[in-house]
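Next up: the structures, one after another.
Here come two complexes built around subunit A, the first alongside subunit B, the second alongside subunit C.
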Partner chain A sequence: MSFYDYANLTGNDAMQFLRAAGVTLYITIVSLLIGSILGIALGIVRCSKNKAVSALPLILIEPLRNSPLVTQLFLIYYGLPMVSSIMLDPYPAAILAISLNTAAFMAVLVHNSISAVPQGQWEAGLALGHSSASTFIHVIARQAFRLLIPQAITLYISQLQCSSLVALIGIMDLTKLGQNLALRTLKPFMIYGIVFLIYYILSSPLSKLARDLEKKLSFNY
Partner chain B sequence: MYIQRTTNDNYESLIHDITGKVGKEMAMIEVKNVTKSFGTLTVLKNFNVEFNQEGVTVLLGPSGTGKSTLLRCINGLETVDEGDILVNGRSVKEKKNLRDIRLDCGMVFQRTVLFPHLNVMQNLTMSPVKLLKMDKAKAEEKAIYYLKKVGLESKAKALHNELSGGEQQRIAIARALMMNPKALLLDEITSALDPEMTSEVLKILENLAAEGVCMLCVTHEMQFAKHAASRIIFMDKGSMEADVTAEEFFSTVRKENERIAKFLNFIGE
Partner chain C sequence: MYKLNFNFLNRYGDMLIDGMKTTLLIVFGCLIIGFLLGTVLALCRQSHNKLIKGTATIFVDILRNTPFLVQLFFFYYGLPVLGIQTGPIPTAIIALGINTSAQNCEIIRSGLMAVKKEYYECAAALGYGKVQTLQLFVLPIAFRLAFKSLVNNFINLVLTSSVCFSITVVETMGAAKIIVGRTSRPFEIYLLILLCYCIFTYIISFLAKLVDKKIHIVL
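Moving on, here comes the complex of A and B:
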């Protein structure tokens, strides 16, 4: 008896796993890209010396960080059509929800990384004749970026895993496929075991990368 | 009246002369009636002083009397509350002047702040290339010249954490000189160093002084003040207590002025 027979799986199911992994990766990567760009922008605004300006992004950041992603997803997918004419398909709804959620967490990381660069670095840049903007670009942002990268990767890993929530609005990602196949084969331990392994294989090299970079990129000022 | 800034001036001369261009009647740095407070603490009180582009001026005084604040006000890192400071005729109160003022007055701090994401060579060349639009190859050539001046040409590729504290300060001096400052503002640049490194750095400063680099330094190194300083300013509680030549300071003034005698006693001189 072959593995496929034992598991009630077909070659086609193997293809489906690949396709579902692709869906998970697609939604995650697109959302992380959009979320990171938005998050970096929000994080930079958070660093403004003007108190009113720096508080503005909090309007977006705080609610997003203090509620479950799944609630945000349902609010966008099921809630928005009830109160507006915005009716999103599952994919755009999923991408919008994960992007906004990522942006909120990213903004905090960016703000923290920029604040972590010592004041002396600003003064050294200014004292050489750089404007504030030039000091930020050539001195502060470059150091902050190196502090940010390992933390951003850790956030990305967590968001990859959270992307499994899109199964709940019917997207055929890894988790949803696992559910379907578990019902069909009645072997949930094995099916979810495979799903588990695929998530693990996607995440674990990133975790190692984050750890390595953390050591390599950090500064002792 | 203002001095034209050029990027391809001849750096082989360490002295970036301004005499004749600003007119004899105007000092390079004019501190006029400056008052500066932090909250309720008044650090500088109606402070007046002038510096010409000549020699080494040492600023002395007990801790907390506003020496650092004065230097930081001169290059616009702190704002002045009242009065004004003119550097080559430009007021520190106008934001658009700050770039030129800071290029005129290079500053080195007590705690070294090399840019940790750049190696030594890049620390030296980044600002001339980005700010003064100097050609990269030319900037590197110039950097080697200044690295030799501070005795560290072998460290061009090093990162900041591969350098001792004294070496870092020497690099910071070279980095400031890369911008062709008319004067260097040095704020206790050896006070975080052990004695051996301190003498390394002071020796570099003495060499530079001998070549005519103008310096305004806060230091507690009396031997350096005796050897290199032409003028000594003693500050206490935000005002000027003495402004004399180094010879006068260490001969007559220290005997006649009780506070100065006390201070010199206190620091073990």
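Moving on, here comes the complex of A and C:
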């Protein structure tokens, strides 16, 4: 086998692309799940009537929203072992960083969509004899959810793309594989073209879903 | 107990400040490219010509659905294959500018769509041509409507610019990485960088609020 044969893509590389796409999906899905749950919890706390309580999540949300994900990732992966005995492997570090980041953005979306439900809905629920918790679950949460879904999907798409940053701490995801193969085959256009295509296939159905749902779920009071 | 130690700032503070200057250069370069190209793309997407509309739509769609990091590598390793030799900083500005333009396009387009038909009719009745209608009536209104989202996008741009260190641009994050390599104090340095970005984005949103008060309109 000559050098030039080696420089071409093989069937094995196709398998590697699939595996790398799996890694990207795995990291994205796990961190989006954790991030969404945490984000919803933080968002509900943000809606609290008590001002001190509602300001509490801001300590977490504001720095996470206003700084780059790369810095957060590096702070967790390289910085945390220096100050504590927590030494995370690349995968947990990546998942932790992306989930926290997602949670911060999600919390703001949740807070916004809950506040977007008119005050009259609260009053109507209470007037019908629901407790405030019951009003929240049966009246407010459903309407807020409809507002939240399209925005959350848009967030998920952007987090899917942000997951490419985990390549920088050495995880063999699509981006890292593309980088490696581009160096080996010396055909950056082709390789990155394939990587673009795979990311596009992963994220464009979501984009379409977000657009459709936005039309379907929108309503006026 | 680990004690935070910021002594490295005496020696490497200048490097960090140089990095921030590079970040500013990249960010403002991209702001201009992103704004102009974004407006052109948004207008192309509104065009009646199917070819222009289709091309712009596909271009924006691809850029919005692929990660910036891969786009950056694409330009950095791909441009020399085409025979265009540029340094890392121009490459970063081009790649990030194009990426931002795709994001801006959608925002400006929604602004354009919010401009009511009556405005076009009004301009036509006053005898303005197509270009003048856009220039004097439609675009100013669209920009004002889209201003808040554009600022959000700009903040996003600032944060995304930190990825450029991966193609050896020594901007804030790149400088931080070099300093980490020399001093082995990743926690302090990345924490500092994180706070710097926070402060910078707060300044931007503060200024944006002041401007928004002046130019805010309701249609």
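The working rule: the second predicted complex is superposed on the first by the 214 of 221 C-alpha atoms of A that agree within 3 Å, B and C clash if a C-alpha of one lies under 4 Å from a C-alpha of the other, contacts with A are read in each partner's own complex, and residues count from 1 in each chain.
Note that contacts are C-beta pairs under 8 Å (C-beta built on N, C-alpha and C of every residue); 3 or more make two chains touch, one makes a residue touch a chain.
If you're wondering where the values come from, they're calculated on a predicted model, not measured in any experiment.
Judged by the touch definition given at the top, the superposed model places A:Ala182 against subunit C, while subunit B stays out of reach. In the superposition on chain A, contact is made by A:Val139 with subunit B only, not with subunit C. Of the two partner chains placed by the overlay, only subunit C lies in contact with A:Leu165; subunit B stays clear of it.
Using the contact criterion defined above for the overlaid structures, shared-chain residue A:Ser131 touches subunit B, although it does not reach subunit C.
Judged by the number of subunit A residues each one touches, C leads among subunit B and subunit C.
Looking at the shared chain after the overlay, A:Pro68 reaches subunit C, while subunit B stays out of its contact range.
On subunit A, the surface touched by subunit B in one complex and the surface touched by subunit C in the other have no residue in common. Interface of subunit A with subunit B (complex): residues 118, 120-121, 123-124, 126-131, 134, 138-139, 142-143, 146, 219-221. Residues 75-77, 98-100, 102-103, 106-107, 109, 111, 113-117, 126-127, 130-131, 161, 175-176, 179 of subunit B touch subunit A in their complex. Subunit A contributes residues 62-63, 66-72, 74-75, 78-80, 82-84, 157, 161-165, 167-168, 174-175, 178-179, 182, 188-189, 192, 195-196, 199-200, 203-204, 207 to its touches with subunit C in the complex.
Interface residues of subunit C, counted against subunit A in their complex, comprise 2, 4, 61-62, 64-70, 73-74, 77-78, 81, 155, 159-163, 165-166, 173, 176-177, 180, 184-188, 190-191, 193-195, 197-198, 201-202.
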